[in-house]
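My questions all concern the structure below.
Labels run A, B, C and D following the written order; every chain starts at residue 1.
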Amino acid sequence: STHWLLTLSCDDRPGIVHAVTGAIAQAYGNITELQQFSSAESNRFFMRVQVQSGFDRSVFERAVTPIAESIGADWTLDFVGRPRRTLILASKMGHCLNDLLFRQRSGSLQIEVPLILSNHPDLRDLANFYGVAFEDHAVLPDTKAAFEARVLQTVEQHDIELVVLARYMQILSPELCEKLAGRAINIHHSFLPGFKGANPYRQAHARGVKLIGATAHFVTGDLDEGPIIEQNVRRVDHSVDVPELVEIGQEQESRTLTDAVKLFAEHRIMLDGQRTVIFR
Amino acid sequence: STHWLLTLSCDDRPGIVHAVTGAIAQAYGNITELQQFSSAESNRFFMRVQVQSGFDRSVFERAVTPIAESIGADWTLDFVGRPRRTLILASKMGHCLNDLLFRQRSGSLQIEVPLILSNHPDLRDLANFYGVAFEDHAVLPDTKAAFEARVLQTVEQHDIELVVLARYMQILSPELCEKLAGRAINIHHSFLPGFKGANPYRQAHARGVKLIGATAHFVTGDLDEGPIIEQNVRRVDHSVDVPELVEIGQEQESRTLTDAVKLFAEHRIMLDGQRTVIFR
Amino acid sequence: STHWLLTLSCDDRPGIVHAVTGAIAQAYGNITELQQFSSAESNRFFMRVQVQSGFDRSVFERAVTPIAESIGADWTLDFVGRPRRTLILASKMGHCLNDLLFRQRSGSLQIEVPLILSNHPDLRDLANFYGVAFEDHAVLPDTKAAFEARVLQTVEQHDIELVVLARYMQILSPELCEKLAGRAINIHHSFLPGFKGANPYRQAHARGVKLIGATAHFVTGDLDEGPIIEQNVRRVDHSVDVPELVEIGQEQESRTLTDAVKLFAEHRIMLDGQRTVIFR
Amino acid sequence: STHWLLTLSCDDRPGIVHAVTGAIAQAYGNITELQQFSSAESNRFFMRVQVQSGFDRSVFERAVTPIAESIGADWTLDFVGRPRRTLILASKMGHCLNDLLFRQRSGSLQIEVPLILSNHPDLRDLANFYGVAFEDHAVLPDTKAAFEARVLQTVEQHDIELVVLARYMQILSPELCEKLAGRAINIHHSFLPGFKGANPYRQAHARGVKLIGATAHFVTGDLDEGPIIEQNVRRVDHSVDVPELVEIGQEQESRTLTDAVKLFAEHRIMLDGQRTVIFR
């Protein structure tokens, strides 16, 4: 028996849950988890179902396809727990990369990482320790296009499903952002929409905020404006200076990014315009 | 068109969601919210559905009844937003009562309160301000039975659905606990299972905990052991003495109890043995 | 024996703590609480001391004055627990006012409130219940100046130390902001600096944030840009619509404002330029 | 100029701060951080001061010693930022060890680790990656004494200041606990005092708690009863099963333990009987 995972989104209308669960019943499936959401603003319907079934993919697809077509739905069918092919971009700071790789190895994060691309060599040893291929290429005004071409080539070659910017400190070109729309996750080191752009901890210190945070979001051409996936904060006080904010913030950054990657890996994130629907 | 709310629990087996949503489709209902949970430990299935439908109760009941019977389900059918009849028990401290009544009046808590029963007169003015009937009866060894009889009489007379112990400082008799099983909520002023019984803030101070909390739970004959509904904590440090813990804790107590009462009022709590399933 | 409270700020230099504690020793005082902070950015020194002493104010002042003068310090001397004279401004929503008055009456908030000024009559009953004088005056383009004059007159007449904007929904004039600088606290219903201005919950919903918050800050002429005193957040998800955000947010607003007022009442807030030093 | 760190505790009495800051002034020191606490219950006084001074240790000691002797104080003098010699005990799970070593290397945790002792070989590679010596010895009924002798030998040989049990899954003997009193920190995977002993996540699941936590505490002969240093919690719901609790909890465990070790490394923890005074 296989543990299937079905996601589906379409314009909202009566009867969708009944129709989809009918298809599941037809494939002799047993629902172990089901979540749905009807967005009043966008009039879109979203659904995620986990199903135990002895039947194979083609049977399941034959059952779901006609229903999905009749309601004009986008849908995906996957196995629960299949590691998703992930490309990681990094720079010099290793806290996010370290957390991702540690959890991947310990089995709590279902990703496989064929390659890490970095604009600095600093994290090569860490990648080696976890047995992950690592390339570093300087990213300068005249080499940025080549780096981004290497990103796209990797995406194609390894059939990459997710690109993670693990404190990658370069801004992606609008073209690359567009090509990776909905499948590239960045960690911003502030509680967005506060403190966009450079040096958010310096900005946060100057403004005297009492909580600092981190935000994982989808990458879009509009810097730090992509749909938010996850956010965390931690209390600070007046005595915490900028270097200490950076230290404290790193813990928020790594767990927020890892949680967002985990949600993506488990097909728990769906896009509703500029907002995300998260099925925990 | 009416906004219906259906809850259902039964032994788990394939096809329940399909069958129930079929009955809803048959009553021309449009699902606005649906949550389900299959408990691996107890092998029980739980479901909560909100449905917009133009049909009346009898049509809905005719559609659901045969399915519910065939799967041996317990089920309830209600309107979304109907205020649930609630009896509040109180003593001297008003912070929980104040929060419940303020939110009830401001429309964010769907309860109606025909009566407050207290073992002290202190909160009469507060009850009056909110226009709620108030009775105080001394609860002493020889009058406790009479007080509890008045509780049961009120429950019967007003068809009470929920009894809230808003820092009511007396222990209910095992008989009363049993009669109110699954419909009486207490607030305990600690993060259970830590610090059961009397003076939890004093216990917490002596133990030197760094977070203090509050726990809303169903009342059972086993003191402070009933199924947990909601918990909150707040950070404290060594400099906070017992009276300050009490003050800080009161904020946790009122919001935790109010949140639990709101969950109950909206049929979002279902019992799975000693655990609760909470559909937010 | 009296419980004194001394606050002091000046340019930072060696020897201040020794000098001040020397003055305290001279007045036969016993320090029960002492906090200090040296701001590296502003090079300012801040200190708050609680002292038990049998001597009267003049003795204490004679001991502290020469030291304070020699280091060019601003300082205040008060009793621990003296209720501070507070004017509350309100509009229609009562959750913040209710929390302030409830805690004032229950003894956990050391303020006295000679008057509530409102631009709507809605909260008169609540004020009456707590025995606080209440005036409502329409605030329209041509009456705004009169209302603000009434505010200033009240401040003078009652020797008001703190003005609290408890969801007062009008923008104060720059002149009034300046006159109340450092002694007027507002609650903004977002996690500043995110979502300044009108309808922050609508903005937060559109942006799809995963945590919503509230910020208590000093009022300045620069809207929502005053020094931040306290902030709190609560987790939300995609299913929470704007009216529900408002409801959830109100809990954050009232506790954040009450906590800020409590900090002010206990002389625990000191201003370091655009930032606050908070001695808990 | 050197950045000194002085901690001091003694029976409470008037004049201590003045006397100590006098000694500091005498050594031409400039206080950069000062915290003190008078415990009403134990009548003990605690103080931590950071001081910039051009003078050397002997000058400082000559200034402090007579005062400390006259008030019967325990005191320590150290440099700010000196890495403290730390022995780590581990077993099979690497999340806590990984976090400690990553932060040590990245410079945010001021410890040096001459050796890791483990009762399993699993974490050897991780230790090697961070360049830390690693020994594994089976701990069985007849070899436990030898392992503990090796612990004590290491403590002596390397002048160890702190022993960290980073999910070391063996109970230390009462004799070893006593010898390491006040300098051994354990992480317990629950929010103590709830769920002491084995399998706390299983206990937490059975009890249906809505928040799970982790507690860092000093090791004492009384299992899971030592003075609490730090605690954190995270929200969970009914759908989280035991293996997921374990995963979620690991994040709490590592950050709680690392934070506690950092507090210890920076001399921010002082013992007040069964409670800790934490100067952040």
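As a convention for this text, a residue touches a chain if its C-beta (ideal position, glycine included) is under 8 Å from a C-beta of that chain, and two chains touch if they have at least 3 such contacts.
Predicted model only: the values in this text are computed from it and were never measured.
Farthest chain from subunit B (centres taken as the mean of C-alpha atoms): D.
A comparison of the C-D and A-C interfaces places the larger number of contacting C-beta pairs at A-C. Separation between the centroids of subunit C and subunit D, computed from CA atoms only, is 37 Å.
The centroid of the Cα atoms in subunit A and the matching centroid in subunit C are 41 Å apart. Looking at subunit C, residues 33, 239, 280 sit in touch with two or more other chains. Residues of subunit B touching subunit A in their complex: 14-15, 17-18, 21-22, 24-25, 28-36, 38, 235. By the touch criterion stated above, subunit B contacts subunit D in their complex at residues 37, 39-40, 191-195, 206-211, 213, 227-233, 237-239, 241, 272, 274-278, 280. Residues of subunit D that touch subunit A in their complex: 33, 94-95, 98, 102, 106, 108, 125, 129, 239, 247, 250-251, 255.
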